[in-house]
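Below, subunit A partners subunit B and then partners subunit C, in two separate complexes.
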Partner chain A sequence: MSAVKENGNLQQGPIIEVTDLHKQFGPHTVLDGVSLTAHTGDVVSLIGASGSGKSTLLRCLNMLEIPHRGKVCISGEEILLKTNRHGQTVPANPRQVDKIRTRLGMVFQNFNLWPHMTVLENIIEVPVRILKQPKAEAIAYAEALLEKVGMSAKRDAYPGFLSGGQQQRVAIARALATRPAVMLFDEPTSALDPELVGEVLKVIRDLAKEGCTMLLVTHEMSFAREVSSKVLFLHKGRIEESGTPEAVFTAPVSERCRQFVNAQQWKS
Partner chain B sequence: MRFEWMSSYGQFFIDGLTITLELLLCSGVLGFLLALAVGFGRLSRQPFIAWLSLSFTNLIRGTPLLVQIYVLYYGVGSLFVSFPAVRDSFLWPYLRDGFWYVVVALALSVGGYVGEVIKGGLRAVPKGELEAARALGMPPFMTVRRIWLPRAIQILLPSLAGESVLLLKSTALASTVAVMDVLGAANLVRAQTLRTYEPLLSVALIYLVLAWLIERVFRKLERRIPVRSAI
Partner chain C sequence: MLAWIQHAFEMVVNEWGWALLRGALVTIQISFGAFVVGLLIGLVVAMAKLSGNAPVKKLANAYTTVCRAVPELLLILLLYYAGSDAINAVLRLFDMAPVDLNGFVAAVTVLGVVQGAYAAEIIRGAVQAIPYGHIEASKAFGCGRWLTLRRVILPEMMPYALAGLANLWMVLIKDSALISVVGYNELLFTTKQAAGSTRQYLLFYMAVAAIYLLVTLLSNAVFVRFERSFRRWMPAH
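Moving on, here comes the complex of A and B:
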């Protein structure tokens, strides 16, 4: 890696660099030595069957799950881990993790908007409270983001009164509000009614076109194929196949990946 | 029914009402703060803190409020009297008065009962909402202050309205330790006019109106943020 500056944005190395990640839930091994890198502008899709570890991998990037072993570097900054007195791996410096999290915009399967705040308040909360942006500036940017995701009209609505697709679009705007280096999408359309999937995918597609760096866990195979620059197929906590969408979807080397891709194509 | 005593004793009721409201407010605020500590304590991962909170809750909920008031007023109160240092201190005017004993007893009671309610409310906040806060870089304390607690209270508003009305009615016990709350005033009127029903029914009406007002305030708070859980 070269020319890494502390700021995190002005560097030429990979934005995300994961090395030999291991994670267990009790006796169950979820990640078994996963490595990946993503550069600015990459759209990396993680595909695989349920339980293959793809969501866990995504959640290890911002330490929502703490890996047992391995290294996570965001914009060249390694997230420092230590072992506490109970023998658990924990972040060595929680404030470092909080700081890095503001550079990773996360979008969840269940949107997870804060229902006691309006749409606008949801979006400006972190920029104003944590990044200490002036409120007027945060609101202006939030309004631009709402425009982008097509939710300007609902600026003062409470999340409980929005459809799932609308909530997810607001959640995307909320994640973008910190101007993150990378967007992390954890099955962003899995909780949506089928007729609402399209509007959310459209927003993500637009972001991809703009060159937004993103990691995407998804079951929408045709979408992954369309927007990704790289596709990773996970199986039993390992990366079984990786490459361009063309390579992974049309000529997978691994037998399991071939079966999975075929089965998915039958479904859609 | 005869109410002509009202003209000469009305002021007692007004003073009593003031005391009742002061009791309600003081013990409500102190009790709520204590309840927050107990609620979070119950969920603590530190075994000792969790145990301490649970023991406190059990102690408070397992004994009659009247007994607690007596223990504080007659027990602790008379203990203070035996120390000249306490008697001479600037705190003595407060320690002599039953008011603050009742406030402390009521606050402890609120801490025990509402602490358990708060614990339930904290648990009822969907994990994902807290996870979103963490994932976007919110430090733990801010997550509590901005997301976890406000959401829990929003969920709990109907229960808290009920608890507040219960607290209002509990303040009537103050009259048993010579605090001139609104019931104390009624007792005084009863003793001096030898009329039973009119003062008591007046007091009942006052409590009824206060309870209605409390419910109304909470209903307003509930409506301020339209509750409909996201998802």
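Moving on, here comes the complex of A and C:
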């Protein structure tokens, strides 16, 4: 299969542009002025300790978390936010958010497949219901994606009858089905038994090789080092270190990043 | 003994058979109508409780509290008599002829409103049993609120709600007998007439008990099938 084509317009500029993002949960500051850009074909890994804000940053891109301040642009289109009468930041136009969300393929830590739909139904749901693709076309593409993630045999199974690794591969196919501009992976292997991690990483690695644009939150350091074009290390809601995988993993400037990377390498 | 059974059969089936059957049919119609009304009200109220703003939530809570607190019998009497008075007072204002409140409509409305309060709680609990991630996935792919409700929340909560809703239906079949107090010809009211005019109280009340039992057994069979179908995506424990 050819490289993943995206829906929405092809942009010359960055696909993702985040400027000075701030997010608080109550008194706790989770993101404290984060900026990042990603271009077509980039594989950006977000690493850092638990609670450093990397998942929150990813979830701010599709407004599953609403940032308090800052700017998020997807394919050059800024997500418009406003302050409501309770003083909360909310999307100015929910339809715009829904439209942009169809260009972002999200893969969750807990898979979050819809359990009452079969594998195939999970994959064609959004293309058919939201993107209004003809059903036959959506099914054909879904079958190609299932082939790609090695799940063709389970086409008509319900997610509850699959292993975690199989569910996550289906979840990746579901996210690819909308031909997203960017794939967002939120710790895709953290909920898996150790022996199932490999099959999921293989699928992600294949996507990276095809030139699929991805943002990846992960604790798999060697994997991040292998597939990424850029690695960001987050600490206390700030980007503490960023650069090529070699730079971040072998010659980090920041002391904290050095400690984190070393500790992780000892583990594996 | 044989002669008595023959006599009893003659009376229940030949003389009153049609009337009882018609009564049973009315009972089922009232119950079904009230069940549908109750489900619709319950769905709206459950959603109001789960995602409405503060005043809407308060209103929904007040509704479920009051309707589960006041006896259904009292609500039937209130709506039927006070309700028809109110309607006629309004009609008089516009110089229109007074109407008689239709017993069937009154029964379906009152029972539906009461059932709605119970259904709302069942549905609320069932929706809360859905892992939030499934709803979040729907949001993350750009499905709007309505599509998420229709395609994810409703089908996914059904297995959790079904046992409670089946209970509700069973209670409803029996509660529909309350409508006999306003003189509407459902199963129990018909039986009372039959028993009174033949003076065979034991015979007719036992017969009607058997009919209620039969309806319940049939409903059970239907709900078992529903449950099997709604749970097909759940691995057996």
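Note that in this section the second predicted complex is superposed on the first by the 260 of 268 C-alpha atoms of A that agree within 3 Å, B and C clash if a C-alpha of one lies under 4 Å from a C-alpha of the other, contacts with A are read in each partner's own complex, and residues count from 1 in each chain.
By our rule, a residue touches a chain if its C-beta (ideal position, glycine included) is under 8 Å from a C-beta of that chain, and two chains touch if they have at least 3 such contacts.
Please read these numbers as outputs of a predicted model, since none were measured by experiment.
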Clash or fit: subunit B against subunit C, after overlaying the two structures on subunit A?
clash
Quick one: classify A:A153 as touching subunit B (first), subunit C (second), both or neither.
neither
Name the contact category of A:Q167: first (subunit B only), second (subunit C only), both, or neither.
first
Which of the two partners, first being subunit B and second being subunit C, lies in contact with A:W114: first, second, both, or neither?
both
Contacts for A:V90 in the overlay, against subunit B (first) and subunit C (second): which applies, first, second, both or neither?
neither
Subunit A residues touched by both subunit B and subunit C?
62, 64, 94, 98-102, 104, 106, 108, 110, 112-116, 125-126, 129-130, 158-161, 175, 178
In the complex with subunit C, residue positions of subunit A that touch it
62, 64, 94, 97-102, 104, 106, 108, 110, 112-117, 125-126, 129-130, 158-161, 175, 178
Once bound in the complex, which stretches of subunit A touch subunit B?
62, 64, 94-95, 98-102, 104-106, 108, 110-116, 125-126, 129-130, 158-162, 164, 167, 171, 174-175, 178, 191
Of all residues in subunit C, which touch subunit A in the complex?
131, 133-134, 136-144, 147, 151-152, 155-156, 232-235
The residues of subunit B that touch subunit A in their complex are 126, 128-129, 131-140, 142, 146-147, 150-151, 154, 225-231
